[in-house]
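Two complexes follow with chain A in common, the first pairing it with chain B and the second with chain C.
Right, the complex of A and B next:
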């Protein structure tokens, strides 16, 4: 019992270790830039999200919604042995699907937003399934295929938005507003966090986190997906259709990322698809969230909120004339050190073993 | 004819960074370390190189200044890549994760430092490096117009690097050892090669070339640096795969990708292409679509270094 708990703790501890080093690094950078402002600046990063009370908390959940989902997308693929770096593409394609339905299918009435959200997941699934099929049937490395799909998706979305006069706002070089009926309802969030942009999207995100957790851990399907992730050959030997598993897990991963895009662009907070040749940053943040959350759905939920919290605090840094990029630097350092998890883990198991050996030795002497 | 010359000259601007960076990636992957951080390395190299051009803009100009910037970019790239080397070789970290961390770090760092130094994130520089016409060589008909007019010294540097890279990889002891580490590190180790040292060499070389590539990308195509190399690091990764990890094939791949980029950038000014009515987005997408198609046909018996991406563990059986 005792031993089991040790193994379970190594993951979170290496995450905490990475977070502490990342924050320390951020503090040192602040010190180098402007020593007198560094300490208040650093406190702003840690507590800035609470500056406006409940409204601030609501903003944190608003920022967290898409990155929890892109994080979940990456983490889910990780659990099945795939690195889904294709989240930026799946995200923007999903966003396009949602915006397209949100602008054109105005006769749907009450179910308009539901259809738009579902279409976003569908579009993401299409974008995710391509690297999955290539991996399963043609042995194409999913990382490279996903990177290609990112750029193809970005250019395709820009092209489609720009080409369609009903979608394109040429004055601002971005997509038009979605219909009010396509906006995600607040579902009580506006009463809980008055004045903030948060909406029912966060509840949908949490629901998806729970569903993915259940699929991965409580169903035979999820077990098969994870088994293929552990060992493709062994799974095939055990009678699992490993090609189907790979295709399905990339499809589901794409679906989650697409949903992230849909929820963000249907939030009705003035977010539009900008026609610029830049990959969606929410997609890449998802990679950070997944790594920090150790690819565990619940871990990802907290990691997403944590990174959103830092981002919200980072806004107020401008008061001290630091730019908000310091948050990205901190997150990058956290990810870099979380890649060292293996070393931390082996160090901890070694220490635990040494302790165990000592205890046994003592016990032996006692007898 | 002038349209052909123009497109070709433009192609060079887009092609050389891809060539140089893909060759860098080649050294890293051939030593057994996947380097997905090329985008971040390019950003860092471009950042310090352009910052140097900006800071010395008042006192220096011309090719001498550019060459110093080249050296600075290469050193920056090499140092930055060492973080990747340390994580992937010493700490046996997941190479994709460590590379992703570097990619996240570079643009944030470039923006942050630029703001601290000069208040805005764009770093301006005066482009005094364009060579209108190379003496003598520029007078040769056709070839002179294609290769020796309206060009940059970095273009020739790119071709020199290609020649050296091919020689080093195939004709030297170092190259043979490097390739051995990427194919079968255990065997290389048994033969007395220090695998860790060779992998460090591979990653550092990729960093130096990546940093150079960043500078070479920004100088001909822009007058300021805005903390991004527009996905060229990832495109170089595609060039590397398209070129099947081999120097000469990488040259052809980068030429093709460069041509597509040049057409996408310049097509509205060319009546013939404008008349075809193909949207520029299609040209932008073609390199990525083509890479996917090539991947489908080549991945079954991939030419990729066999041990690429697997941390080398001396004790592994």
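Right, the complex of A and C next:
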């Protein structure tokens, strides 16, 4: 007996469908803003990323790296029944950890960047584990706890960057450059995409995607996490320590977000922690990425690349006299509708069921 | 002919299953018509068709001789069809009166006018002897009372045709008797009742005619008065069913479970009474000990405390001579304890997991099914296939079926398979046959006895008197959290047991001392 489970394509197809709807609405927004330039503008969004050939592609991967990870963080938590809206906080705390190590521990040599990346994950984990513990042991809703952690994280990082003279560049009100030894090596990506900002970070992100996929679907640990996500009571009955699962799940989610922050701020592309009162947008974009990718690690990988692709293309909209705010709106509209993938999916599942019912009717009632 | 409802040649298919295959059901005016069938026989589907929740592929529905198209519950309501669902559709923090008028409130200038409604409700309540209290909150009244509220809802909407979906599943024996009387009153007033059930006693007691479904097919419609129970159950199951259980006398061996002075305090604020009050007893290998009692007398809490799902406030649990009071659930699970839980959806299954994963829910971490933390999916699916064969668990897609889509009976079979498959030394079975049909009940009873004969100790919690009497070797009666009697099923009548369960009879202390 062979236990083949069906390959179900409704997921990917529904995401693509949602993207198409999103693009159409983006086009309508373009029409509203500047009808005469709408068509070339729209074309630019779709192809802009290729304007500079391979460099452009590299740039897409560079943008994609952090949002794949924050998306993975949200999606992973979703799969275990938790809504991790704390990605912006975990992201920026992770970034701080990386930058701190990157500036301070210059004597580490070759392993400097590895330590910095690990510390970013560790910091994110700390920020994720707090809502996890609150949820598991005090039944505090993880959404509220993580939102609070976002603000605590943002302000704490702002304060720590400012307070530490070795970190703070008071001329530009942001953190200083990290040491060269702390920058993530290119790992051959510079050869592949000459001239772009992409580095080994994207490879690390893909590796993490694969690891999370394996953990969730192939391990006993993932079995427990998902069981708790589906039914906490039944998991407890089955002897699974559901409190531990919740804590671990939030910790891992935080870790991934923290890593996202680390990889972005160690890229050596002139990215610094700015002392501003704004939550990191990469964190929230992660929610869209997770929704578009239907919380599936592989789906999230592609969703992240897609959204980065749009962002890169949108950049060139300026050529057609669209202001940068409009670009953000359009990209947001597209992402917004892309998040409707779930609705489209349920539509498609229903339609498929109806089709199947009809097919079986035609096939006769031999059985 | 005087038919109020005629469903003719109804066919409804789902992927992989013909739920209703050319079924004809005719309901006479003023009769109680039973719809009998096992779980998954198509009773619910047929009623959903009548309610417009599903559109049939074939067949016509006539109401009062007129062919009608029913597109949804509102259409059904307009035609005077009402239903008491198995799980009541009541708003718990509303009063009885508010629930009854909900959706068809009398309004004057945007302001609620409850006086007229109250008058009408009270009149109806008196006419049919329903004795409801209009201003009580739903959350404060008993399940039986809630059911009457549902009946009043139908009366208030002038429904002439009433469907009762397994109405007795949640009631105590006394409440069942009262419901039967109410149903007869209703038909006397000209209402027609469709009564969905799989309990033959109840059909015998109230129904005039009975339509039997089996695996989506209509087996026939019979006059209840001329047909005996054995014939009906044979029609339902498709083979001869043994309604009596054959079993050898028990041969109890060493003690496997010993509960000592166990108490559970209530969590609700303001309540000081213990849910379980200083309970002590023992279960030996090779015997079935039954905890009998009316629902809500502390049985669930006692079991939760033994398994560790909830904390106990005092006492000791000793499993196989080892004090496991403070051990984890997993420790108990892996040291000989199996538990068929009361609520299969809440505790028993992860409904969104497939059948195979549910069948290894307590074993996935064992070396047999994982190595270095990675699941051995091949082994898991092989093991699941074995259990599915052995315990005849039916589902659409075998091991890959999402358990949510399975019928209740097969979900329960899956749990029984999983729990017995672990070769327990002690099996806690809490209402293992609740909501199941005769075939499945017979099957599960046989499995329990087989386990007993193979040397497992079984602690059975049941609300069904028949089950208690037939299955158990010893009966412990629980009332308001205390064990009030230890009885021998061979020396006691059902009536006597009922009195103990209702708390109107108690054994004196000296006798009780004998059991510990």
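A few remarks follow.
Heads up, the rule we're going with is that the second predicted complex is superposed on the first by the 330 of 367 C-alpha atoms of A that agree within 3 Å, B and C clash if a C-alpha of one lies under 4 Å from a C-alpha of the other, contacts with A are read in each partner's own complex, and residues count from 1 in each chain.
Heads up, the rule we're going with is that a residue touches a chain if its C-beta (ideal position, glycine included) is under 8 Å from a C-beta of that chain, and two chains touch if they have at least 3 such contacts.
Everything numeric in this text was worked out from a predicted model, so none of it was measured.
In the overlay built on the shared chain, the residue A:202 is in contact with neither chain B nor chain C. Chain A has more of its residues touched by B than by the other of chain B and chain C. Judged by the touch definition given at the top, the superposed model places A:179 against neither chain B nor chain C. Of the two partner chains, chain B is the only one that A:156 touches; chain C does not reach it.
In the superposed model, A:329 makes contact with chain B only, not with chain C.
Contact with chain B, but none with chain C, is seen for A:340 once the two complexes are overlaid on the shared chain. Shared contact residues of chain A with chain B and chain C: none. Within the complex formed with chain C, the chain A residues making contact are 1, 3, 5-6, 218-221, 223, 226-227, 230-231, 233-241, 353, 356-357, 360-361, 365. Looking at the complex, you find that chain C touches chain A at residues 13-16, 18, 57, 307, 309, 328-334, 339, 341, 346-353, 356-357, 361-362, 364-365, 369-370, 373-375, 377-378, 381, 385, 398-400.
By the touch criterion stated above, chain B contacts chain A in their complex at residues 36, 83, 87, 91-94, 96-98, 100-105, 107-109, 111-112, 115-116, 121, 228, 230-231, 234-235, 237-238, 241, 279, 281-282, 284-285, 288-289, 291-292, 295-296, 299-300, 302, 304. Interface of chain A with chain B (complex): residues 29, 33, 83, 85, 134, 138-141, 143-145, 147-152, 155-156, 158-159, 162-163, 277-279, 284, 287-288, 291, 323, 325-329, 331-333, 335-336, 338-343.
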